[in-house]
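Below you will find the structure I want to go over with you.
The first chain written gets the first letter, and so on, giving A, B, C and D; residue counts start at 1 in each chain.
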Amino acid sequence: MMRAKAILRNPPLLTFLLVALVWLIAGLSLRGFGAYGHLRYLLELAAVIGIAAAGQTLVVLMGGIDLSVGAVITVTAILLPLLSPAWDPTGLVGVALVLAIAVGIGLLNGAGATFLQVPPIIMTLAMATFLQGMLVLVAGGSAVTVQNPAVLLLGQSRPLGVPAGVVLWILVSACMLLLIHRMPIGARFLALGANPLAARLSGVSTTRNTLILYALSGFFAGLAGLLLLGMNRQGYVGIGDPYLLTSIAAVVLGGTSILGGRGTYAGTIPGAILLVTTTALITVVNASPGWRSIMFGSLILALLMISGREARR
Amino acid sequence: MTDAGPLLEARRVFKGFFGNPVLKGVDIALRPGRVHALLGENGAGKSTLINLLSGALAPDKGAIAIDGQPISRLSPASARAAGIAVVQQELSLAGDLSIAENIGLGAYPRRFGLIDYAALARGVREVCDLVGLTEPLDMPVADLALGRRQMVEIAKALFRKPRVLILDEPTSSLSAHEAGVLGRLIATLRDRGVAILYISHRLNEVQALCSHVTVLKDGGVTADRSLAGVDGEGLVRLMVGRETGELFPPKPQQRVGKVRIDVEGFSAGLVRDARLAGRAGEIVGIGGLVGQGQEDLLLGLYGAIPAKADRAEIDGRSGLPVDVAAANAAGMVYVPADRKHEGLVLPHSIASNILLPSLGRLARGGLRDRRAEAGLVADLARQLMIKGDVARPVQALSGGNQQKVALAKWLPLDPGVLLLNDPTRGVDIETKREIYLMLRRFAAEGRLVILASSDTPELVHLCDRVLVLREGLVAAELSGPAITEAAIVGAAMGVEQGEGIGRKTVQ
Amino acid sequence: ASNCVKGDRKAPYTIGWANIYSVPTWMKQTEGTITAEVDELKKAGLVKDLMITDAQGNAQTQIQHIQSMIDANVDAIVVIAGSSNALDRVISDACDKGIAIVNFDSLVNTDKVTAKINTDSNEWGGEAAKWLVNQLGGKGKIIVMNGPAGISVSDDRRKGAQPVLDANKGIEIITETNTEYNVAPAQEAMTSLLFANQEIDGVLSLGGALSAGSVLAFDRQGREQVPITGENARQFLELWKEKGLKGWATMQPNWLGALSVYTAVQALEGKSVPAFIKVPLPVIDDSSIDSYLARADKFPADGYIYSDYDKALFDKLLAQ
Amino acid sequence: MNRASSSGLYGAIQRRRNRGLVGLYLVVAAFLVLYAVLFPGILTIGGFSKFTQNWFPLALVTMAQALLMLNGGITLAIGPLVSLGAVIAATTMGSAFGVPGGILAVVAVGLGIGAVTGAIVALLRLPAIIVTLAGSFIITGVALILLPRPGGFVPGWLSTLLAGHTPVAFLLLLVILGLWKIFLATPLGLAIYAAGDNPVGAFRSGVPIERVKIVSFALSGVLAALAGLFVAAQTGSGDPIIGAPFTLNSIAAAVLGGVGFLGGKGTMRGAVCGSLLLSVMINVMFFLGFPPVAQYVAQGLIIVGAVAVPAHLALWRAAR
C-alpha cells in the first residue's frame, strides 16, 4: 500500500509503468506491434526525441524553454556533410565541428538570456528564425547526402543487435542522470529554476549556469541532429521541425514542471517512448486525418491525466 | 472580560498533513472585545489553526463555529462574509497590483458591477491612515519593502471592517515604531468590540496587548487562561512549560580583534556615503524604521546589488566583492529577511537548501559525495534542532524552522563575516535564545556579525555597536551603554536624543 | 488583352514574387528558375526589379505581403498560394489595380487573375494509380501515402486516384497515412505500417519525398521492395536505380516559376495569355530515368530533378 | 476624499502601468513612423484600413494568449482554435443559420472549448501547456472533419464590412480593448491578475481562483474563435489549418509586450503593442526591400532588440 502510493507520487516511475502498460495492451491487440524488431524501432525513434529532450529537460528545469531545438537539429543535419573534410577517414572532425557550432548557438542563446536579459522563449525563438534565414542561404545549393562514416555508423549500425542510436541514448541518459542527481551543477540548475533570487543570493551564478545550460541544450540538439541524419542518410531543411514540440512534450509528460525547479530526466526517458508509441499506434489506425488527430490528442490527454497530476495545493 | 458568547470558535479540531497530525483536538474561542494571544513554538500549529478558523483549510475532524453555529464547509470567501479577517504570516499580496487594489481584493466596492475606484480610494485611504501607510495608493506592492507590505496586509484585513481580526505575527518585520502604531490600533478595535486573535513570538507585545492566552504544544492546548497577573517570566513559563533563563546571553567584555570590514563613502541603493567598520568578535547592529536602507547596506556589501565605496577593505583585501560568489569566497554570507522569496528554495528539500552553498566544497572528483552531504545535513539539523525528515520540502516547515534552515546553510562555509537581515523574524523564543547564543558564539570565534534588525530589544541587548539609518544615511552610531531603546528609536525618528554621533540628515 | 492587365504599365516592369515559404528545397529550386528568368528578362530590358517575400508558411502574412506589393504598386505578382482560398480577396484587389497576377503550383479559387499555371493534380493521382494498378495486375493490397491533411494539392491528388481505385475492385487499400512531404516522417510512418501489415503489394505514394521515405523503410526492415509511385525527388530516383525498383514518377516542374514570370511579362506586354495554362505532367519511367539521373549532379541531393525547359516550350504552352 | 482625487486613483494606477512600457511604445512608434515614411499611403483611409486588417487577427490572438498568461496559464491551442473558428464561420454562414447564427456558433464554440480546457486545467490541476497541446490536436482534428480542405462560404457583404476599405476592424479592436478595460475594472477581471500573481494569497483573500481560471480560458477561447471568424471574413472562406502560425506568434507578441510567464506580470496594452510590432515589422521589411534571408535575420534581431533595448534603457536610467 505504502509502496503503491510512493509509485503514484513518483512521476518517472509512473510514466515507465504507463509505457509498459501501453506496450502490453498494444502488443496483445495489434499484430506486429509486439515484435522485437518493432519495439526496437520505437526505441530508436525515441532515442532522437530523448536526446533532443535532454537539453530541453535541463532548460525547463531551470525555468526556461528552448524553442531553437528544431532549428539546431536541422542546422547540424544540413551542415555536417558540408563540414566533413574529405581527408578525414573517421568523420570525427566533421562531427566535432558541427557539435561545436551547435554549442556555439546554445551559448548565444544563453548570452542573450543573461546579458541582454531577453526572456529565453523570445531569445530562442528569435534564434530559430535567425537560423532559418541562414538555412535559406546554405541549403538547396549543394550536396547534403551524408558520407561521413562516423555518422552513418551511428545511424545504421547495431552492435549486439542494439541500434547504435539507442546505445548513444543510454549513454546520454547516464550522463544526464549523473549531471542532475550526482553533480553540483544539477542541484544548482534546479535551485535556479525554483527560485532564481534565492539561488543567486546563495552564491549560485546565474550568468555562468545559464550559459552552460544553453550550451548543453545546443550540444544535445546537435547530437540528436547527427543521429537523425545518420538514420535518414540525408538531411533536409525542416528535418528538425517535428522535434521542437515533441521534445517539450516528452519533458512535460515525464512529470517535469514547465515552471522549473522540479523534475528529472528519468521522466523524460519514458515520456519520449510514450510519444513515439502514441504516434505509431495512431499511424496504423485506418481513419481520416481528422479523426487521427483527435485520437492523438485524446491519448496524450488521457496519459497526462494518469501521469501528470500536479501536486495539490 | 465580556460575557458575550464567542464570535468564532474551533471545537475539538484535528488537522494533519500527509498523515502527520499537527492539531489533535484543539479548542479556542474568540470573544468580542478581547485580545486573545495564541502562543506556541515554531511548528506548534498556530498558523494551521488560523487557517482552519478562516476557511483556508478544512479540519479533518471537529468543527468551526461562527456565532455559536457550526459551519460545515467554511471557505475563505464565506469567512470574510461573516466578518473574519486574517493578516497572514505569509503575505498574500499580488505584486503587480497597486496598494489599493490589494487592500480591496475580495471585497471591492462596486457600482454597476464595476469596481468603484472612488469608494475604494476612500475606504483604502481611511485604513491606510489608521496603520500609517503614506505611500501613494497606486503604487504596485512589489515596489514596497517587506515591512511596508506587512502594513498593507494589515490594512487589507481592516478594510473589511472585521468582527473578528486574526493577526499571524503581524509585527515580525516591523520596527518598534510601527509596532507601536499597530498596538494602539488593536486597542482601539478591541474597545469597539472586535474579537482579536494575536500570534506573536515577541512576548513583550503579547504582554502589553493581550488579556487571554491559548498555548499550543504537541498538537494540544496546554493552557487557556486569562493573562491577568501574569508577568513576562510567567508568560515564558506558560509557553515553554518550564523555568527559563535570560533571553539574551551576557555581552562579553569587548575584545578587540582584527578589522574585518572597513568601508568609507559607501553607497548602495538607498544608502549614501556610509562609513562602516567592524572587527572580529563584534556584533554590529543596524537599526532604524522599516525600509531606511538597512537591506541595501547588507546587499551592497554582499555584492548582490551595485555598490561603490571610496575605500573598502574586507578581511585584508581591498575593494567590494563584485558579486555574490566573490563575497562568499571572501568569507561573507547573507541571510535575507524575506526567507520565502530570497532565502530559501521553497519546493526543495531541507537538505537541498542546506547544501546549496556548499555543493562545490563537498564534491569529490566532480561528483557529489552523498555520504559527506548526509553527514553535514544531519549535523546541522541536530545543531539547530531542525526536527523531522530532512527530505521534506522546506515549504512544509513552519516559519521559524524555515528561518533556521536559511541560517544553517551558511555554517559549513565557516564565514568570517555574517550579514544578517532580521534573522529572528518569526522565530519562537526558545529558538531565538539559541540563535542569540549562536551569534555570540560566532563572535567569540572571531567572526564579525552584522545584524540588521527590526526588533529593538535585540539591538539593545545583543549588539556591541548599533548604527541607526534614516533615509539612507547613518543617523547615529551608538555603542556600549549608549545603546538604549530610547536612543535607537529617537535616532530613527530623527529626534535629537542620546549621544547620536555621525552624520545628521541634512534635509 | 489578358485578365487584369489594363495596358497602362510600361516596361521595364517591377515583379513581386510572393512566396509562401522559401526554405524547402523545392522552393529554393523554383526561386532559382524565377531569378534566372528575371535575369534574362532584365537583359531584354523588360524587367527592372524583382521583389521577393517569404511568408514563412503563414497565409495571413502572405496576404500582408501581397497587400504591400499592391501598396508598392508592382506591375506583376507571381504567387504560390499558402491557402487555396485565403488569398482570394487580396488577389482580386490586386487584379482591380491592373496588376498582372500569375498564380502557379498552389492555386487560388478566384478567377480574377491573369493566369493560373499548374499541372493537373487530379491527373497526377489518377495516372499514378493507373500505373500501380497495371503493375499489380488489378489485384493486391496497397498503402496510400498522402501529403499533409487540409491542403488542396494533397487532397486533389488523392481524389484523382479514387476513380481508378474504385474501378479496380481487386485493389484493397490496407491503410492510408498523411505526413509532411518529407523523408523522415514518411519513413517513420511506413515502418510502423510494415510491422502492422505482413502483406503489402504496392505503395501509392502521392508526392514529395514520401516515396524515398517509404523505400528506405522497406530497406531498413529488410522487406522486399514493392512497386511504388513517386515524384522526381533526386533521392527517390537514385534509390529507384540502386534498389532496382519497379517505379514510376511524375513531377511538379520547378520551372513553373520561370514560366509564371515569363507569362506575366508577356501579358503586360499586351499579349493575350490563356487564363489557365495546363502544364502536361512529365513522366519518369524505366525508359527515361537514366536521362534524369545523368543530370543529377546539377541538382541538390535533397532536391528535384526537373525536366528541361526553354523559351520555345513556354511559347508553346502559352499558345494553348 | 472627494470624487476628483479618487477618480485620480484609477488614472494613477493606469499611468503607472504604462511606465515599464515606454521603451516598447518608442520602438513601435519608430517603426510606425518609418512605415509611414516608406509608404505614405498608410495615412489614407484605405491604406490604414488594409494595414489594420492584417494586424487585427494577430492582435486578437495575442489578447487571448496574454489573458491566460496574466492568469499564470498558457495555451498552445490558439492556432487550431482560430482555424476552427474560421471553419465554423465558413460552414454555418452559408447554411440556414445565416450570419447571426454563424457568429453565435463561433462564439459558443470558442467559449465552450475554452471553458472545458479551463475546467480540466483548474479542477484536475494539470499543466496548461500540455493540456492545450493535446487540445490543439483534438481541435485540429475537428476542424479537418468539418472541412477537410479549404472551402466553405462567407457572404460577400460580411467580408466587405469587416475587411473592405473601411477601418471597421480597427474600430472593433478599439471596442474589444474597451470591453477588456471594463472587464478589468470588475472584481472578476482584476482577480485574473491577483490569482495569476499569487494564487494561494488570492484564494485566502476569498477569490474563487478555479472559477477565475475557467473564465479566463473561456474568454481566451472566444477571442481566438473570433479571430478565426475575422480570418474567414477577410479571406471569404474557411481553411482548416490557416491558424497554425498564430500559436507561436501570439506567445511571442505577448512576451514582447512585457507579459510574463509566471502570471500577474504585464499589461494587455503592452501585449497588443507587441503584436503591432510583429505586424508592422513585416511591412517595413518589405518596403525596405529586404530579401528573404535578411527578412529572417532582421526579424530575429528586431524581436531580441525590442526586448533588450527597453530593458537596458530602463537599467541605464535607473543607474543614473
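Here is the rule we go by: a residue touches a chain if its C-beta (ideal position, glycine included) is under 8 Å from a C-beta of that chain, and two chains touch if they have at least 3 such contacts.
Composition by chain, UniProt nomenclature: A = ABC transporter permease; B = ABC transporter ATP-binding protein; D = Autoinducer 2 import system permease protein LsrD.
Since the structure is predicted, the reported quantities are computational estimates derived from the model, not experimental observations.
Participant: Which chain has its C-alpha centre farthest away from the C-alpha centre of subunit D?
Facilitator: B
Participant: Can you tell me which chain pair comes out on top for contact count?
Facilitator: A-D
Participant: Just curious, how far off is subunit D from subunit A (ABC transporter permease) if you go by their C-alpha centres, in Å?
Facilitator: Centre separation, subunit A (ABC transporter permease) to subunit D: 30 Å.
Participant: Can you give the whole-Å distance between the Cα centres of subunit A (ABC transporter permease) and subunit B?
Facilitator: Roughly 44 Å, centre to centre.
Participant: How big is the gap, in whole Å, between where the Cα atoms of subunit C centre and where those of subunit D centre?
Facilitator: 35
Participant: Two-or-more-chain contact residues of subunit C, please, as numbers and ranges.
Facilitator: 22, 54, 56, 149-150
Participant: Which positions in subunit B touch two or more other chains at once?
Facilitator: none
Participant: Residues of subunit D that contact two or more other chains, please.
Facilitator: As it turns out, subunit D has residues touching two or more other chains at 143-144, 148, 200, 203, 292, 295-296.
Participant: Every pair of chains that touch: which are they?
Facilitator: In this structure, the chains touch in these pairs: A-B, A-C, A-D, B-D, C-D.
Participant: In the complex, go through subunit B and note every residue touching subunit D.
Facilitator: Residue positions touching the partner: 54, 56, 75-77, 79-81, 86, 88, 90-98, 100-102, 105-108, 110, 113-115, 117-122, 125, 136-140, 156, 306.
Participant: Within their complex, state which residues of subunit D touch subunit A (ABC transporter permease).
Facilitator: Checking each residue of subunit D against subunit A (ABC transporter permease) gives 120, 124-127, 129-131, 133-145, 148, 199-200, 203, 248, 251-252, 255-256, 260-262, 292-297, 299-301, 303-304, 307-308, 311-312.
Participant: Sort out for me which residues of subunit D touch subunit B in the complex.
Facilitator: Residues 1, 3, 5-10, 12-13, 15-16, 182, 185-187, 190-191, 193-194, 196-198, 200-208, 264-266, 319 of subunit D touch subunit B in their complex.
Participant: Note which residues of subunit A (ABC transporter permease) are touching subunit D in the complex, please.
Facilitator: For this pair, the touching residues of subunit A (ABC transporter permease) are 67, 112, 116-119, 121-123, 125-127, 129-130, 132-134, 136-137, 245, 248-249, 252-253, 257-259, 288-298, 300-301, 304-305, 308-310, 312-313.
Participant: Which bits of subunit C are touching subunit D when the two form their complex?
Facilitator: 19, 22, 51-54, 56-61, 63-65, 67-69, 71-72, 83-89, 109, 148-152, 155
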